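As written, the chain order gives the labels A, B and C, with residue 1 at the start of each chain.
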Amino acid sequence: MAVTSADIDSQLAAARPPLGKAALTLVRQQPLGAVSGLLVIIMILMAVFAPEIAPYDPVRNFYDHMQMAPSSEFWLGTDQFGRDILSRIIFGARTALFIGFSCAFIGSTVGLVLGVTSAYFGGWFDLLFQRVMDVFLAFPLIIMALAVVAIFGTGAQNVIIAITIPLIPRCARVVRSNALAIREIPYVDAARALGFSHLRIILRHMAPNCMAPFLIMLTTFLGQAILLEASLSYLGLGVQEPTPAWGLMLQGGAEEYAESAPWIAIFPGLAITLAVFAFNLFGDSLRDTLDPKLRSR
Amino acid sequence: MMKGNRLKALCAVFAGLAVGIGATGPAAAETPKHGGILKYVVPAEPPSFDGHIETTFALIHPVRPFYSVLIKVNPENPSSTTDFVCDVCVGKVPEPTDGGKTYTFKIRDDVYFHSGEKMTAQDVLATYQKIIFPPAGEPSARKAFFVMVDSVTAPDDHTVVFKLKYPSGAFIPALAVPFNWIYQKAKLDKDIHWYETHIDGSGAFIFEKREAGAYISGKKDPRYYLKGRPYLDGFQAIFAKKQALRVQAIRGDRAAIEFRGFPPKARDDLVRALGNKITVEESDWNCVLIMTVNHKHKPFDDVRVRRALTLAVDRWGGSKYLSKIAIVKTVGGIAFPGSPLAATKEELQQLAGYWPDLQKSRAEARRLLKEAGVDLNKTYYFNNRAVDQPYKIVGTWLIDQWKQVGLKFEQHVFPTGPFYAELRKKKDYDVSLDFNCQSVVNPLVDVSKFISEDRSGNNYGNYIDRDVDAAFDKMNRTADPAEQRKYMREMEKLTLDTHANAFITLWWYRIIPHRSYVKGWKVSPSHYLNQALDNVWLDK
Amino acid sequence: MYRYILKRLLLMIPTLFGAAVLVFTLLRLIPGDTCELRLAGSGGYFDQSALDICRHEMGIDQPKLMQFWHFIWGIMRFDFGKSMWTGQPIVSEMAMRFQLSMEIAILATIVAIVVAVPLGTISAVKQNTWIDYVVRAISIAGIAMPSFWLGILIILGLLIGTQHFLGTPWMPPITYTPIWVDPAKNLALVVWPAIATGYRYSAVATRMTRSAMLEVLREDYVRTARAKGLFEKLIIRRHALKNAMLPVITVIGIEFAFLIGGLVVTEQVFNLNGLGKLFVESVTNNDYSMTQALVMLVVMIFLFVNLLVDILYAWLDPRIRYR
């Protein structure tokens, strides 16, 4: 009885929970998840259609209206330069989601590939790889970000690099333990026996079966990346003025004016909290649906 | 001869000062009380303790009280640019002899170092040898201030003689720079680096403790040569990097004063919260942010494009609204606005970037850009320093101003180290912010920032301009104030307008709100001056 | 067991070496150096020969491999040398700051445990009730909220609150007094950042406790205990909690290790003179020796805490044995 690649593929397909069905189950079983999913969609829409939704240009300085309280003219008030906070928050969603998605996606994808590869090859390669990952895990994140910014400068691109680097080993670790389990399943040996290349096995057979932890890591990373970007901006290492970004809005002026113009500090902080809240909840519900046994952090 | 507006401007400055002085009470009317520890906050920590090497106020604020200097700006009149008094010298600051080329100082007989030994002229000599003629490899931050000095000698234990190569009005102000601390010859002979990591002076306070990153504290020196001083029992200089926290510290009475300066918002918050428990002192500040244009980068090698940069900026309007949120305020030229060499409002309004009609100015800018064929779709590189007040605020404002004439800039903000590396070496930037902050107000020397690159030592714009150099030299070789003023105007016009080399943004404005029980300290145009703290007392 | 510990200790060496290489390379890539910053940092005049002498004294004019060798050799002898920026010995620069950061980390851990264990347990026991939802909401808010934002709100709340109710504004002290010198002043300073950090920490631990308890409560032996008629509280305390503690301890341990490096932002907000602030300063000052020493310290702590957690895990759960 010859085992064909089609057989293997179908076995694998059977092992995977179909994502479309999972989505429906999600809504039914997890109302919280559905709500957060809605929030996520709203945020994405806000980011995409920002120029249409925002009432003002986010970098336009209204010098006559500096630090105004929320009013009918400026719904969330203005900041120290006289810029409309609502518009800046809407455009800030763009920055947050752009950076968040980039970091999360790149981080988890690279982590996925590396983790699976490491588990697949095992032996010395795995040992070495683990040590390298340990180094990056142990290395203080902020210092790495500081160094990246000091070397390459500030700006969205470098922030993405700075945030993605520590995310990769975290994903790789989780994926690796998952992949190690899969590796024991006979069909991988069978595939090797059939002469499939390493790359094909890794990418087409093992990786898709690590989708569950991958997706979970992805959504976790989204929230973490947004928070990290906010922290870096707070330290002055993120995107720079006058780009609208939530973390940046909390830096500098916010603390100074916190008493006389608290809205400058409150609304961006709320935006960050809500965004991360939504992504985390969504990720939780996703995880509960996809793999109830996987109660990782 | 003072013209109408100039007089008004000066009156405004002095009126502002009078408010400050009046609020603390004239010194004669109140008797200083003895005792108490003064706690104050300092925004940064100094790298080393050697005043001859460092240039940061972060060293002055916590460490100056431990040392004496030869002469200093009169603490009772710290905004003066000509009123100097003796510290360890005897009597009044001597007039020069020998056609203005020799200065002879008599040293006091009752000055003791805190480690016990008496100060002699040999110590003063060794100190100034280190400052003016440092041994090879030993840095001295103010060597260039003393280029006019030919030699320093100490004929006996109580006399120090400075011989100059030519008479110069810049010598006495250079001597009065508050970094020229008197060190002990014996210690310098043993190890010239000793003072970088140790503190042993002859000032009003003895070094008590340093907790790394936290504070430096000092206690009163009972043997201080000015009897009855200091009034304080001691002080504690606490390092607090975040401005919001420094303001809160004063509000929560964890500290009484901060000696650098707060933006207007902080002052308003403190006054609103504490009423008459807070006294506010204000002054023009001898600090300014400069737009340094990279002359070697196209299209900024074209003088038309550079003129457009300055024509786009609304300085008069900017002064109004930026002064509400930042520590900048006064519109001025290259000379400190409070000095006699500064331009009047009418003179300023002749220069590009200072025209009273903003629309006309910006239209001209757009025209120049078009004529020079500048690519308006390109985003240019603006180099800035990662400090909020006022760098990032001014930077954000400038980008907005340039946007109004169609020029797009992206701000690249770096921490201090990489910022200077970029400014000095890499030269990737198109325009950068830079600053010019001096301690003693000495416009003759202060404007050396704008002379050619090969002569200036701190001009980073990549340009040579011999006309500016000529005006600078002529200005420094004459002792006649009217002549000096003429050459200053010439230099100003060339730099800011005709050759458009580098531009002034706005001069800073110093606002010091402090607890009302702190008395005896007067604000000055420099956050480096009047920090010996021997005249401060607490009314508690 | 001992073989396992030995193996882990040996495996730490390549990780430490890797961290050393990483920090060394990163720092050398940053433009500028301490000497430049010190001698010409304020835009003043500087002179090339002074710069050269300074570089020579610091050893940064030597070829990179030489510098790396000095660094590694220093680490091996536990001689960290002097800070390039201040010239003072690194150990004395770090001492007070280490104390402060450690104190906050430990306090935050205590806050986390004290909050997480009861809350997580209640949430698990009363799963899907409103209590559960409230606790889950609070914990996710804790993870979602930027800790520096919380810190800002705390300081402001203190200032405005005390002004409103007491007439004079009160804020925490701005200098550090060790706990054995003046416990009141020490705690007045440290408790706020501990809460700001601890909130987030407790949120993570609460979620972990909850899910661990949920799993355990489903186990057979719990059902057996219930069938035997034991009081619910007894079941929870004697059987469920002990077994649920395992993953919770793991999480607490791992988060603690990250905490050390993560205190940077909190210290900024509260102006604490801790390791985090020292870190940021030494990187911005291009202080190679200090940054390198700090990174090695933090990495070592991280690895040791991880090892301790694993050992604790193995010790507590007799089922787990490591190869």
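By definition in this document, contacts are C-beta pairs under 8 Å (C-beta built on N, C-alpha and C of every residue); 3 or more make two chains touch, one makes a residue touch a chain.
What you are looking at is a predicted structure, and each value in this text was computed from that prediction instead of being measured.
Asks: Between A-B and B-C, which chain pair shares more contacting C-beta pairs?
Replies: Higher C-beta contact count between the two pairs: B-C.
Asks: For chain A, which other chain has the most distant CA centre?
Replies: B
Asks: Taking each chain's centre as the mean of its CA atoms, how far is chain A from chain C in angstrom?
Replies: Taking the mean C-alpha position of each chain, the two centres sit 23 Å apart.
Asks: Quick check: how many Å separate the C-alpha centres of chain A and chain B?
Replies: The separation of the two C-alpha centroids amounts to 46 Å.
Asks: Please compute the C-alpha centroid of chain B, do the same for chain C, then give the distance between them in whole Å.
Replies: 40
Asks: Note the residues in chain C that touch 2 or more other chains, in rising order.
Replies: Where chain C meets two or more other chains at a single residue, that happens at 30-31, 159, 268, 284.
Asks: Hunt down the residues of chain B that sit against at least two other chains at once, touch-wise.
Replies: Each of 242, 415, 417-418 in chain B touches at least two other chains.
Asks: Multi-chain contacts in chain A: which residues touch at least two other chains?
Replies: In chain A, the residues touching two or more other chains are 150, 255, 258-259.
Asks: In the complex of these two chains, what residues of chain C are touching chain B?
Replies: 30-33, 36-47, 49-54, 85-88, 92-93, 96-97, 155, 159, 163, 168-171, 173-176, 268-271, 273, 277-278, 281, 284-286
Asks: Quick check: in the complex, which residue numbers of chain B touch chain C?
Replies: 41, 45, 47-48, 53-56, 134, 136-144, 196-197, 211-215, 236, 238-242, 245, 248-249, 251-255, 273, 415-418, 420-422, 424-426, 434-437, 457-458
Asks: Can you check the complex and tell me which residues of chain A touch chain C?
Replies: Contacts found on chain A: 32, 131-132, 134-144, 146-147, 150-151, 223, 227, 230-231, 234-235, 247, 250, 254-255, 258-259, 262, 265, 269, 272-277, 280-281, 284, 295, 297.
Asks: Spell out the residues on chain A that touch chain B in their complex, using ranges where they run on.
Replies: For this pair, the touching residues of chain A are 59, 61, 63, 66, 80-82, 150, 153-155, 236, 240-242, 252-253, 255-260.
Asks: In their complex, what parts of chain C are in touch with chain A?
Replies: Residues 11, 14-15, 18-19, 22-23, 26-27, 29-31, 133, 136, 140-141, 143-146, 148-149, 152-153, 156, 159-160, 204, 207-208, 211-212, 214-215, 247, 251, 257, 260-262, 264-265, 268, 276, 279-280, 283-284, 291, 295, 298-299, 302-303 of chain C touch chain A in their complex.
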